[in-house]
Every structure is written in structure tokens, then in C-alpha cells.
Amino acid sequence: MLIGLYLAAAEAAHARLTEYDQAAGDGDFGDNLRDGLRGAHARIPDGADLATETETAATYFLDEVGGTSGPLIGLLLRSVASAAAASPSDVDAAVVRGLTEGTAAIQRVGEARVGDRTLVDCLAPTLDGLRGTAGPIDWTAAATAALAHARATADLTPRMGRASYIGKRALGTPDAGAIGVALFFWALALYRDPASRDALPDPAAL
Amino acid sequence: MAELFFVTKAEYVDRALRGFARDQRDIVRLHTAPAYVRALATNPARRVGLVAGGGSGHEPMHVGLVGAGMLDAAVPGRVFASPHNRQVYEASRSAAGPEGVLHIVKNYTGDRINFGIAAERLRHDGIPVARVLVDDDVATESTQTATGRRGTGATIVVEKLLGAAADRGTGLDALVELGRAVASRSRSIAVASAAHTSHVTGRPGFELAPNHIEYGVGIHGERARQTIPRPPLEDLVERMVDDVLANLPAGTRALVLVNGLGGTTAIELYNVFAEVEEALGRRGVAVAGSLVGTWTPALDMKGFSVTVTMLLPDDGAWTALWDAPVWTATLRKRG
Amino acid sequence: MAELFFVTKAEYVDRALRGFARDQRDIVRLHTAPAYVRALATNPARRVGLVAGGGSGHEPMHVGLVGAGMLDAAVPGRVFASPHNRQVYEASRSAAGPEGVLHIVKNYTGDRINFGIAAERLRHDGIPVARVLVDDDVATESTQTATGRRGTGATIVVEKLLGAAADRGTGLDALVELGRAVASRSRSIAVASAAHTSHVTGRPGFELAPNHIEYGVGIHGERARQTIPRPPLEDLVERMVDDVLANLPAGTRALVLVNGLGGTTAIELYNVFAEVEEALGRRGVAVAGSLVGTWTPALDMKGFSVTVTMLLPDDGAWTALWDAPVWTATLRKRG
Amino acid sequence: MLIGLYLAAAEAAHARLTEYDQAAGDGDFGDNLRDGLRGAHARIPDGADLATETETAATYFLDEVGGTSGPLIGLLLRSVASAAAASPSDVDAAVVRGLTEGTAAIQRVGEARVGDRTLVDCLAPTLDGLRGTAGPIDWTAAATAALAHARATADLTPRMGRASYIGKRALGTPDAGAIGVALFFWALALYRDPASRDALPDPAAL
């Protein structure tokens, strides 16, 4: 379910993701994300719960998906899976904890700090916003914030990854990976509240 | 691909690994899907497995350094590309000792991330993991990016000393401490008079005017910040030794690696070594151990690098570790 | 000289020898005026000293093969030039055992004459001398001159087997018989995709059109009789294996040397070896022992050679000699 | 004495020897022979007998003189020295025996046969002629024969040494090494009979 929604977003955004990665890197990010989600989706058993589908997707991304982003997204998904398996009854809290732990793992591994212009620049501020709120989580607001944070990477000079080689010439285009993880929040919003679709932006137009 | 002797009907890195494993079947075993090379003999005293890896095209690094006294496993990526984290993960699972596994990683983003992800996975499985990062190339000392100095020839020195220490039953934390100390006291600089043959285009990786050299070239064909008219070898070595020593603590004894970049002959490398030894001597540094050969090439680039590991005032048993037995495809000592 | 990394203020062959001897001081001692390299350790069982030599630019051949289990002394000439007979003479006097000295000589006029003169002088001094001539290069099989096949990579095989036999106390005549048998069952062929850098001009030794190779090139830059469009590696190796086997007696087990000509990377050589092993297998020949690396280069030429030594039907203990212990700068086995 | 005369001949013939070696080889033969004889001559002690002067010259050629020819001529001189030392009273016989043994050594070492166009094509037929004669040796006739044999190498296609690489293009020019050893017979004639000078050809004009 969640992974299926994420795949739908990645299919819709594929051309844009490719274009953004081309501008600052080697142009394979759209493929890496979409093909990774296709492969993961095909492996998810029918009727799988959240823990199972995210665990299946995590393993696929970690083992089979290339590029810098593939295994990083695998780490993110695996943390979500672990948290979901640990607290199957409190999905919201589990997902936030999983995303927080996953972001920490991505930062341990990738050593990117906030402001380096990577997918961390979507994950970290979006999660900061979520932790600040009391009460039940408004996933639609979270997805909207995530997309805004991702788009704001267009103003950052890259200091990590392939884009760091072109420096200021990356300015004006958002970071492909940041958009790519923002789509996960888009999928989460729809997963938690199918009625939110009309409140969400069109993933093909990010 | 036209200009390198690679097979056309299969993946040439896999083909090379197969040939290597057949030739060295007394020392290593090749695992495929994912690809890694594993030592046949494991010292029973080892409590920590040593795993290194990186792009191919730098042979013997790392597969030629798998074996008793050095690496337990090596993980080769495609040419000049990081290995996949799954290769690292599975090689590490296979090589881990009772106290876990140590990753020796050259400072490149792809390598750091893929080794890092593998480490996350290993920890998730309950296997202790630590990392020693090698970042010796003084040519990349003060870049504007956050990437830091590249890792090059010093990797050989770090792997040798850690291999010997691991054979003495040293634990994970002490190995990390040793490895970081060795890396922090190791610096290199590389020059090239001609580019490597690109594995993608079959053409030279870059053009260089006759009688010019790249001063501070990288091992994947990254050009240097400076192209300079070629000085006589004596003067070139003086400058290289100065640049390396300027980035090291003072000392009186050193390990020295004179490394060919792939298309450089032994007779040239021994000319270089003779000059390096004398240049160090004039600066009060004696050569306590040396390696001269093609250890960390950039495919078939014409050039060489000089690595100096400055020994501690009390040596810290480093020369004993350097001289300790090792039995790999390429490096062999009886101890 | 501009393009090779040679010192300008001294003779670069002497400089390289000095660097080599410093690096390998546990294994060899350098004698100067005249220049030769002597093994530090002599097996007390040896009754005959083994001496080889030839032009420089083919390293590790021969100085890198001096040591226990292989050569007692090696005599380097200048680049691509025969050593002087006095070098051979003095090295042989130093290396001679109670039953004299055996010269392992590659088939080139200058080498034959200078080793021959040294032999005359040694006999004049009452020291028994004999010679094993290595002439393995099938590219020079049927020339019009009286010079015969050139000696190339098979020299490594001959030296290894003779070294092991000498360590068993084999006498001079029996060593000659063995050496001649091994040489007669060893054949090679070499190809190049780019010339070496001339040590005289600093320019490529010859020009080669893109995507063409010299088929049957020599190790001093002698061009082949044929320049051919470059076939895929798989097809090239098929042809080379056919040409080598056509010049050998039939057999089912062989020693194989895949040798880089100087500017060829390990990853390429292991591609070649994987193909050679399979090509031999398809012809019913199993690889009983192998060496893959830069063993007999032509300075920094880009190319490789394939040498096959066809074992006798009963082996004649040749594989045991191949596997016997050896401890030189470049070739090391524990036995 | 003998070596001094040989040196005089080599000095006179230097330009021609260089020219002939240039035509079929690398042009160093004139230097090798002249400089070798200069070095040897300087080392011969005053009043040395034949055995001593040829032995001194032999050692110098064997140890110090380069090229293919240097050590071959050293072998020739050393055989003459050994024979002269063995029979100091019968110089003619000793010299012939020495030259015969020296030629055999040169052929063992250089593996050239008669007709391959080397210095053997002067030595072998000249010595054959000497062994055919009874009574005292006519060294003037021997020198004349040696020079004729040497000049006849101009008709031979080279099969040995550097000249073999140019094949038939060597035809028309005599072999430098053959002329070089013919000059030794020229020196011998003058050594044995100083009055023979007028009967001998001019070494500068061979």
C-alpha cells in the first residue's frame, strides 16, 4: 500500500527527477528511485502489513539499487520497518521514530549535514517540524512542508555528493534526492488519509 | 574499451577476478553475486576481520593484498567505481571475527557511503564494525568542498600494519586507534607524464603537452590543480618529498612507498626510490622499510607517487608490524 | 630520455640498480664496476651457480629473480643492450659452485657473444661453464637469417625450474639437459597495442594506427612482421594459443606465463589469463602452474605475451620444481 | 712492438673502418679498434716481450672494449699470448697456433661460420693458407692474403651480427671487422720483418 503509493509518485515525477539529477549529477536518480520501487513493489506479498512492505522494500533498495541514493533510501525504509514492527498499534509514532532513526543512519553513513544540499535537507527539517507538534500528526501538512523544504534546496550550494563538483552552478535547480524523499511524505499522507489527495500537489509538477 | 585488453563478451572486471582467483587459488577464494575475494587461511589469533575495497583499476589493491597477515576480504567495484554496499556487507559477514570487522576505506564519497551502509547493516545484525579512513593525498589538502584529502598509496601501509596487528589478536578499538595513527602519519603526492587509457572511451583520460607533468594527479584520472613543465627527476623528487614532509610531523625514521601509477617501469621506480632515499636522508629521515613497485595504479597511467609514513619517536612497534609475515598474491614476507 | 622517469645527473641503469639493491637489501648485494647483482643466501646443496643476464628494461628480469631457489647472480646491461663480458665473467666467478657455473642466456647475438666470451675466460681459469639458450618466440621461427628464435618470457620458467633443480644438488650436465628440455618445450608469442617509450628519443618506439596491434612484437621494440586490425580479446587469445601450441609437442598439462610488456595493467592480464586458461582447456591442456604479471617487459610497451611450457607425459618432476621454494625480490614461494 | 704496429695501422685506417661499419652497422668499429689499441698500448710495460704485450692487450680488450668486436679481438690476442708464453723460442709457430686457437674461440663464442660475413672470413682462410705452407712463414704474403680475403667480404650477404638486419644491402662494402683483423696480419708482417713495409699496402687505403 504505502510502497505502491510511493511508486505511483515516483512514476509521475520520473522525468523531473531525471532532469534535476542531470543538471547537477549524472541523471540516474529518477531511474534509481522508480526502478527500485518497481522492484520492491513486485516483491511485496499480498496483504502485507506496513512493517513487512517497508522491510521488503528496504532490503531491495539496500541490495539491488545503485547510485548513492539507492542504499540511503534503503536505510530510511529499514528504520521505518523496524519501528513499525516494534509498535504495530501506534503507526504515526512508529513512522516518525523510524524516519528519525533512518535520517540519523543516513547522516552517519553519508556524513551530510543540513545545508550541504542533499536529501537530508528535506528529511531533517520536515522531521523537526513533526516533532514540534503535539497531538495526532497532520500528514498532509507534513507532505506540503517536505516538498517546500525539498524545493528550497535550489538555493543551496552543494558541498556533498556528485553535485559538489559543479558548485554554484547547481543553484536554481532543486536537489533530485530531496524531491525524491519528499515524495515519500506525499505517499505517507495518502496512506494515512486517502481523502487528502486533493489537498496534495501534483507529483508530476514538482 | 578499444584500447585496453579487456574481454568483450563478458564483464571484464568479473573476468579479471576469475583469472586472478584461478591464478591465486592457493591463497584466495572468489565469491560471486555479489563479488568479493576471501582469504583461504585465517590466522586463528585474529579476533577482528579486516575488509577493504574500492574501485577496480588499482590492482593489486585490494584483491592482491588478501591473505595471511593482511586482508581477510576485499571488495572490488567496477573500474574506478565504489563497490556496492551489499558486496561489502556480505564480505564483512564472511570475514568478521569474534570481535567484529574493521573496514579500511579510502576517502571517496562512494566508498564512504557504501562501506557506511554496509556497516549500518552489520550493526543491525549485531556485528561490531569500525572504520579506518585513509586520506593521505596532500594534493587535495585544502579544497573548498567538504570531501577532504583523497586516499591513495598509504592504504597499502595501513593495511600491512593493521594486518600484522590483527594477527597478534589486537581488538577492534585498538586496531582503529592504530590505523588512525598510521593514516594520520602518512602522506602522499602523485605525478603523471601521461594519462591512463579511459576504460570508457579507449582514449587517454586527458591530454598533456609534451614535457609537462600533472603535479598532484589523482588515481582515477582526476587532473591535478597544476600542470608544470617537467623538471629533472632529481628536482621533481625534491619537491615531492618537501610537499609530503610539510604535511607530516617531524621524525627521523619512515616507511616509504614508491608506487607506479600503472604504465611506469620498475627501472624508473628504482630511479625514483634512489632519489627519494637520498632526499629523505638529507632531511635527516632514514628509510626503515620500503616498498617499490606498482601498488596503487590508476589503470595504465604513466607516473608515480611517493608515500611517507613517519614513524613515532619510539617506533611504537610499527617496524615490527611492517616486517611481520604476510602471504598474499602480491606482498609476501617471511617475517 | 624526456619521457621516462630517469635521473639526468647519473647513469640511470646504475641508479636503478642502486635503488633496487637498497630496497632488496635482505636478498641481494650489488657489485659495481663491473655491475652485477649477487644473491645473499646460497643454498649449501648447490653445486652449480646459476647466472643470467641481458639488457635492462625487462625488469624484474633478471635482477628481481636473484635469490634463494633461483639465480645466484644476474648481469644487467644498459637498456636493451647486452651486458659486457666482464660483468658476466666476474659475476660468474663470484657465483660459481664446486661444479662450476651455468649461464642462462636469451637468444640475442650480443648476449650470446658476451656470455660466450665470459665462458671462454672462465674455462681459461679452470671453471667449468655451460649454457642453456632460451629461444621461445615463435614470431621469429622462420627468418632468413641464422639468428633463430628470440628468447623472451620462457626465460622465467627456465630459471625457476633450473633454480629448484640446482637446489637439489643437480650437477652441471644434468642441469644443461633439464634446461634444454624445458626451453625446447617452451614457446611464446607477444602482441602490442602501443610502442614503448624509447629511452633514446623519449618518443614512442614506433607508431601504430588506432585499433591495430603488432602481432609478434619483440621485447626491444622490434616490430612484428604483421600489424593487424585489433580483434576482440577472445579471438586474439585463440590465435595466440594456436600459434604457440603449433610449435610445441602435444601434451595435456602445461605451465603458463601471462606476461605484461610494461604498460599493461593487472586487470588486463587477468582477463588474458582467464581466456588463455579456457582456450587451453578447449584443446585438452590443463594449467598445472601459472604466473600472471609483468615478468619480461619491453620498458613500458602496452601489450602482453603468452608463454606455454608443455609438461612431459610423466611430468619429469617439473611441477615439483615449479612449486619448490623460491625467495627473490619478485618471485616468492614457500614450497 | 707488435701492438704498437697494430695501433699505427688502426690509426691510419680509422676513417675507412668507421665508414664500413656505418654502411652495415652502427659505425663504432673504427673507434672500438683504435681506442682499444690506444688503451692497450699505453698499458704495455717498457721492454715487454711478445707474450706480455699481447696478454696486456688481450686483457684490455676483454675487459674494457665494447661492441661485438672488442672482446672477440681480446680472445684472439689472448690465444696468441698463451701460445707465445708456451713457446717463446718459436715465434712463428706460436703465433700461428695462437691465431688458430683464437679463431676457434671466436667461432665458439660468435657462432659465425665461414661465409657469414664477419671477421672470421678474414681469419679462417688466411690461417688455412698458412697451415698449407711448409718451411718458414712468409708473413708479407700472409698479410697480403688477409687483406684480399677481408676485401672479398664485400661479395658476401651478412648472416651474423648487426649487418644481418640489412641483408643484401651490405653488398659492395667490405666487412669492417674483417678489415680490422687483416690489419693485425699487416702488423705481424712488419713485426717479423721491418723491411717488408714497402711490400705492404697502405692501411689508410683499404
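Every chain is named by a letter (A, B, C and D) in the order it is written, and numbering of its residues begins at 1.
Here is the rule we go by: a residue touches a chain if its C-beta (ideal position, glycine included) is under 8 Å from a C-beta of that chain, and two chains touch if they have at least 3 such contacts.
All figures in this text were calculated on a predicted structure; none of them were measured in a lab.
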As a quick test, compute the distance in whole Å between the mean CA positions of chain A and chain D.
91
Quick one: chain A and chain B, Cα centre-to-centre, how many Å?
35
Would you mind pulling out the distance in Å between where the CA atoms of chain A average out and where those of chain C do?
60
Hunt down the residues of chain B that sit against at least two other chains at once, touch-wise.
none
Could you list the positions in chain D whose residues touch two or more of the other chains?
none
Can the chain contact pattern be summarised as a line, a ring, a star, a complete graph, or none of these (other)?
line
Touching pairs of chains, which are they?
A-B, B-C, C-D
Residues of chain C defined as touching chain B within the complex:
2-9, 12-13, 15-20, 22-23, 56-57, 59-60, 64, 79, 193-194, 210-211, 230, 232-234, 262-275, 277, 287, 290-292, 294, 297, 299-300, 302, 304, 327, 332, 334
Using the touch definition up top, name the residues of chain D that touch chain C in the complex.
62-64, 66, 68, 71-72, 74-75, 78, 105, 108-111, 116, 159-162, 164-165, 167
Parts of chain B lying in touch with chain A, wherever the complex brings them together
84-86, 89, 109-110, 112-114, 116-117, 119-121, 124, 144-147
